[in-house]
Every structure is written in structure tokens, then in C-alpha cells.
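See below for the structure under consideration.
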């Protein structure tokens, strides 16, 4: 897995995202920030990671430092597997996803719309890598958790009224965790359900251009609770 | 990974309900979950079941006890020739039976497990298999639209399973077991041998633990009647 | 595999049918007479047998006589496997058949029609076992060889103008070998192409109620050539 | 069983023709038939190829040489992000590229191998993936009809193959290799290790010999560029 020094807000959103992962879950981690999630999970929690190129039971990089080029993650980086892992082919890998056996996909996003639409695979004219397994993960994981900076480098909020970029999936995002807040799809609309304790509903909602309702049971979460 | 080993009684009581659709592995005797079927018969009184199984077993073994007890509403199978008692029940109108070509039977279950709502096929075109089935024209040729099959519970017998649920089959025992394990909400694997998690080489796992809910030990196999 | 004493005419038709099997072929043998075919093949010939319940490389029953109940043929009888065998599940087994990788299926028949239709799975009101894998084998093997007594127990020929029984497959039989002759589907019609040397075109065609043409290049075959 | 081991040059010369559709295994570097691809580049001059491959490799390895030499008319893939040279070629209009969601890519190939002309799926519904595709309504919901993919030749890299063609993959190398091996008229398996026929336990064979035409030895893998 990739190793770079994370920014404080990234650590915050990963800490909060980790609370969304259930004991015993089978989880797929998208490329990028989601790949840092495992180290934020309580060690007592049993979570099994699915790698869409063909296995369940992905673990951290080789402990003795020798990369095993026969065991790579979906981003092409050598990793290792835990006891109880199973290797399979791409068919079984996506049968797991489409068949309803993947409990959670943790994905990045370019845009999340208030109706749960997700755009994360293509920026026409600029970035055309192909969706890989992203559409299946977005459409078919039992829960889709998007983790993202609240505001992008140009100061725009990731949560929007309508995606302008090509969609990965329609109405597929269940939960969006940013460095400032948590939004959940309730009655088909993204709803602010939790604000991190160093923020307020105003500091969460003011910088984003999206019509989000605020939950009656709005929670406060303290990043120090990690 | 979670430890999924439990008693057959607990697994059966926890998973099986009246009126459910239950997939049962096996082809002839290979892969038939005799121990779990015995527990379903013995420790539950669920009925009105729809069974999905390659064949009807022989009289006196496998699903025959459930069939004889009138606890099965319908059997979906590919071949029932080895169970004349069931054929007689069917002819008396006591139980419904739907016969599907064997490879398409497997594909319908795979589709159910792989999140594919339907496939097209020309198997059965021009035979009575096409009766009542929707046709789709592709390049001027007619194909049958075969719908996916899904189940509430899958009951299958493996030769080796680890405690997490990864399973491996010997010889010709695999047959419909693996694909049924992918196509049901709950999956009970009975195994001749239960080993520590990780003891099966990850490359050689036939059914990954992600599909499995319970692992239970197999009892002795029934003798031929 | 089953062992009973074969009748002379059965030995004859098996000897002739064996000549239809190509070196290197993957072959499926239906239940009944076809299962006796292997002992009629020249020992130098490499033929690999497919068993639709899940393997390629089927061999004769266990040599030391101990049945291995984990290795059974599609009829439920213990058998063994040769070196190079592969076990798989029912999906792969029929993917081999439908995908065009099974070179030859050798099947029995209730009726074969002159247009190549095959009926071999159901006699309404009398025999309703289910077609098992028979439809896939009949429709999708690259070559379908039916072997059958020329005349049934009631004196009726197996080759008919039109099948009265429910079909297994339409126009699927390439070759019919009986104890008296060989018929091949040519231009969509079953054509008498070979007569066994103890028969004549008349003794082949007179007892059957089917409009069969006789090939210009009609061959004679001597059962002693086995 | 027949001995299917030969030289890579012979296998490639015997199987690959101008204008063919060629499936190439691999996901990233795992399972990519580097030795066979090198031989296609070096000992043949076939062009106008349609390649079906999960990704476009990285510049300098795998299919990149064939792409750069203009011998590929079209690539069907799921992800091309690691080969900016190919993206540039595509943007210059020198080569066609069709992008398919990864699981559906695998399913289309499986359908091709399993004699299934088409499947229905909701993957891509509501996205640009649905453009130009036929829809079929089932229970009031629209599904995309995805056609099977077949190839003339499959080129795949296994870890172990026996001389008859039975093959086994280590770790995450299996990816698209096995399914591609089922979906093509001719199949060349290159293997790190070639063993005597029967040396792989029959239960652990990933791709049975019935699908395979030639087995050739893998050379050393390319270094990262």
C-alpha cells in the first residue's frame, strides 16, 4: 500500500470513516485515500479486504520488505495476504460484488450529488483512465462510503446539487465522510448527520454549493475520539 | 477472519424457515449435504419448501425424507430418474417438479450468484424446454431468456473447509456445490474435515469464505439402500 | 463403468463407432452402450473422456478394485482418472460443451429423424427422468454420434421420418451408427453412407420406415476389420 | 494426453494471423504473457489486430510495443491510465479504444467461452456505458443487453502448466487469464514452470487442458521502466 505523510484533515476523515466499518465486514478500498483506512481500524475488529483483481484477505505490504510480485493490489502494488485469504479470478471477484457479498466499498470522488450520484472516473478531455471496477463497486456494494476532502484544491465543495462529470453510478452513495462532516442518504437526499467538533453546520454547509438538509438528530464527533 | 464453525443443529435452526427456497448441492451422492439434510428433517419442521437440486437422490437418502414427509412444495432439478418414489409422488400431483437442462440449471444459479438477472441461450430451442419462455431475437436468431435463480439458503458438502469458511472439494464432488454457495442469502457448508483458517492454500480454495455463513462437520455418509 | 455381456450386434456397432473417434479428441459418452466404447478404441489412440458431472480424463474403474466414491461418472458409478485429468464444477463442464471444446458426444437414442432430430430423454407417461445434460450434449458437441440398435425390441427402426417423442435437439445428429450401417447428415438429410459387410442396402433400409437416400460413394465395412 | 509443449516461435507462427481478435491476459503485470507478446512483435508482422485486454500495460512493456508499432486497430479494455503513450495515440485518433466496466468485461468474455450469446445487466445503467446498447425490460426495469466477446487467439501467462496444458496460477496472477482461455479458438499458455502431465492435482487445475492448444516456457519478466 502507498505510504505518504497524510495531512491533518486526511487523518481526521480517515478516523471518522473507520467508524463506518462493521466487525466481520468484507470491504473493498478504492485507490488513493481509502487505502490508508486499515491503520485507522481498531485492531480487535475483524475486517477482510477484497481486492478486485482477485482475492479476499489483503494485508499490508510484505513484512520482511521483499515485494512479492505475484500478489499485487488493484493499483499494481505488491501486498500480502492474511491467513484465510482466497485467490480467485476476475469473474469471482465481481460476482462477489454484484451478487451482494461485498459489505462495503470505500471510494474516492470527484463529485457526489445530493441525490447520491457519484462521479469519480472521468474528466472529459483531461483524465480518461477508464472506470476499471469502479462502476460495479459503486452500484453494487451493499454500502458505499465515499471519503473525500470537504473542499477541493480550487475551493469547491465535493458535494454538489448535480454532477457535471460523467457518472460512475446513480444514487449509489450511502455515506459521505469528509474532514468536516458526515452526510447520509436519507429518503433519497444527502443529509448532514454529523459535524466534526472543530466545525459547525455553518462552516460545513456555507462553502459547498448544494442543497443539503440537516438531520434532526445531528451528531457531534470529536476527532480526538479516534 | 471470523470463525464460522458451529453445530449442524444451530446452523439449521438459524438459517432455515418455512416457505424458503433452498439450494442443495450434489450430483448423485457426491457433494450431497447428508448431515445437514438429516438435521433439517430431524430438528426443524419447516415445510412448503422450494428445493433446487440437480436430482432427487435415491429413495431413503438425501432429500428423499423431506420429499416423503410432504415438506417440499416444488423441486427444480435436471434429472429425477433415480427416485421412482418421487416420480410417483409427482404423478399423483402431490409435488411440483420443474426440469431444466443441466448446464442451464447451473448457469441460472450462477447468474443468481453473480448479480446477472438473466442470460440468453439457444439450449432447448425447438424442444419443450422453450414452452412459456420469453424469446429475444439477436442477429435474426431466437434465444430463450433464462432468468436467474436465487435461494434463501444453500446446503452443500465440501471435503475440506477451514474455520473461516474457505472450502475445497475432492474429485467429482464439486458439481453444483460451489455455484449454489454463491447464489443464496445464507450458506451452510458441511465438511468431512475442518482445518485451521489458512490451512488451504489460498490459490486452491474453490469457494471463498466471503460466501459462507456456517461450517459444520459432516457425519458418516449413508450406505447404499 | 458398467459391465454386462454384450450381444454380437452391439459389439459390431461399437467396433464401427470406434472408427468415428479422432486422435486427440475430447469425448463425452452417454449412459448405456456408449460407455462400452473405450475398449473398442485402438490403444495407441489418445482420447480424453469428459464426464459432465465435472472432469476431463475419465478412466476405467479403480484398478485395485476399491471404489473411490469421490470420483463417479455421470451415471453415479465409481471410476478413476488418468494422468492429466482435471476436476471442475458443473459450470465449467457445460462451458466446455456449449463453448465448442467437446469434440464428440456419443449418445443413445429412442428415435433419430431423417433431418437429424434426436429424441432420447422422455417417453410421455412412461419414462420421465429429465434430460440431465443431454440437450447441451446433443445441441453443442462439435460432432454428435448416435449409436443404436438398428431395430428396437418391437421391430421398429430407430431412424424415422419424424420423431414422435419429445425432442432432445433439432437437426443435431451428425452420424448414426447401428449394427447394420452408418448414416450421415448430408445436406440436412440422413444419408446411408456405409453398410456392414454382412448386410445390403436392402436389409438396412427395408425394415426402417424412413426416407433415406443412399450415398453415391457408399462404403462397405467388414466387422472383422475391428 | 497429448503433449502440447512447443517453442514460443512455433506457437505464435501457427496461431496468429493478420486482422485477428486476440485476448491477452493480465491485470497490471500479473498474468501478462510477456514472452509470447515479445514473440508476436519479433517473429511475426501481423497487424490490424483487435486486442482484448484489461489494461494497456505501461509504456515499454507488454502490449505497448504492438500498440506503438501501429499493429493494433482497436483495444477493448477496462482501464488505460498507466499508459499515457497509448492515451496520446488514442487522442490523436491513431487507434480505437472501447472501455468496458471490469466485471462486465470479464462476464462478456465468460459468455463467449461458455456459449452464452448475451447477458443482461444493470451495470452502467444511467451512465455513458449504456450509450448505443440495446435494453431489455424485465419486471418493469431496464437492463443492458451485453453481447459475448470471443477471440481467435488467447495469450495468457500461468505459473505452472503441465505438458498436456492444465494450468495453475499463483497469487493474484489469475485475473482475466482463465476466462480468456475459455473464449478463444486457439489458446497459448506460457508458464514459468512446465511440469509432467498429471503433476498438478486434478482438483487444483485452474484452466483444464481441454481449452489449451500450446504450452510454452516463460522467459524472464521485464523490469520496471
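The letters A, B, C and D name the chains in turn, as written, and every chain counts its residues from 1.
The criterion applied here is as follows: a residue touches a chain if its C-beta (ideal position, glycine included) is under 8 Å from a C-beta of that chain, and two chains touch if they have at least 3 such contacts.
Remember, it's a predicted structure, so these values are computed and weren't measured experimentally.
K.L.:
Taking a step as a move to a touching chain, how many steps at least join subunit A to subunit C?
P.N.:
Minimal hop count between subunit A and subunit C: 2.
K.L.:
Which pair, A-D or A-B, has more C-beta contacts?
P.N.:
A-D
K.L.:
Counting in whole Å, what is the centre-to-centre distance of subunit B and subunit C, each centre being its mean C-alpha position?
P.N.:
30
K.L.:
Using Cα averages as centroids, what's the distance between subunit C and subunit D in whole Å?
P.N.:
Roughly 35 Å separates the two chain centres.
K.L.:
I need the residues of subunit A touching at least two other chains; which ones are they?
P.N.:
Within subunit A, the residues that touch at least two other chains are 55, 81, 87-88, 91, 94-95, 97-98, 140.
K.L.:
Hey, what residues on subunit D touch two or more of the other chains?
P.N.:
Residues 107, 110, 114-116, 121-122, 169-171, 174, 203, 206 of subunit D each touch two or more of the other chains.
K.L.:
Looking at which chains touch, is this a line, ring, star, complete or other?
P.N.:
Drawn as a graph, the chains match no named shape, so other.
K.L.:
Give the pairs of chains that touch; include all such pairs.
P.N.:
Chains touch in the following pairs: A-B, A-D, B-C, B-D, C-D.
K.L.:
Note which residues of subunit C are touching subunit B in the complex, please.
P.N.:
51-55, 68-74, 76, 81, 87-91, 93-95, 97-98, 128-136, 139-140, 166-170
K.L.:
In their shared complex, at which residues does subunit D touch subunit A?
P.N.:
It is residues 27-30, 54-55, 77-82, 87, 99, 101-107, 110, 121-129, 159, 169-179, 206, 221 of subunit D that touch subunit A.
K.L.:
Within the complex, which stretch of subunit B touches subunit D?
P.N.:
107, 111, 114-122, 136, 138, 143, 145, 147, 168-171, 174, 201, 203-204, 206
K.L.:
Which residues, counting only subunit B, touch subunit A once they are in their complex?
P.N.:
The contact residues of subunit B facing subunit A are 1-2, 110, 112-116, 162, 164, 166, 182-183, 196-198, 202-203, 205, 208-211.
K.L.:
Can you check the complex and tell me which residues of subunit A touch subunit B?
P.N.:
So the residues of subunit A in touch with subunit B come to 24, 26, 46, 48, 50, 55-57, 81-88, 91-92, 94-102, 140.
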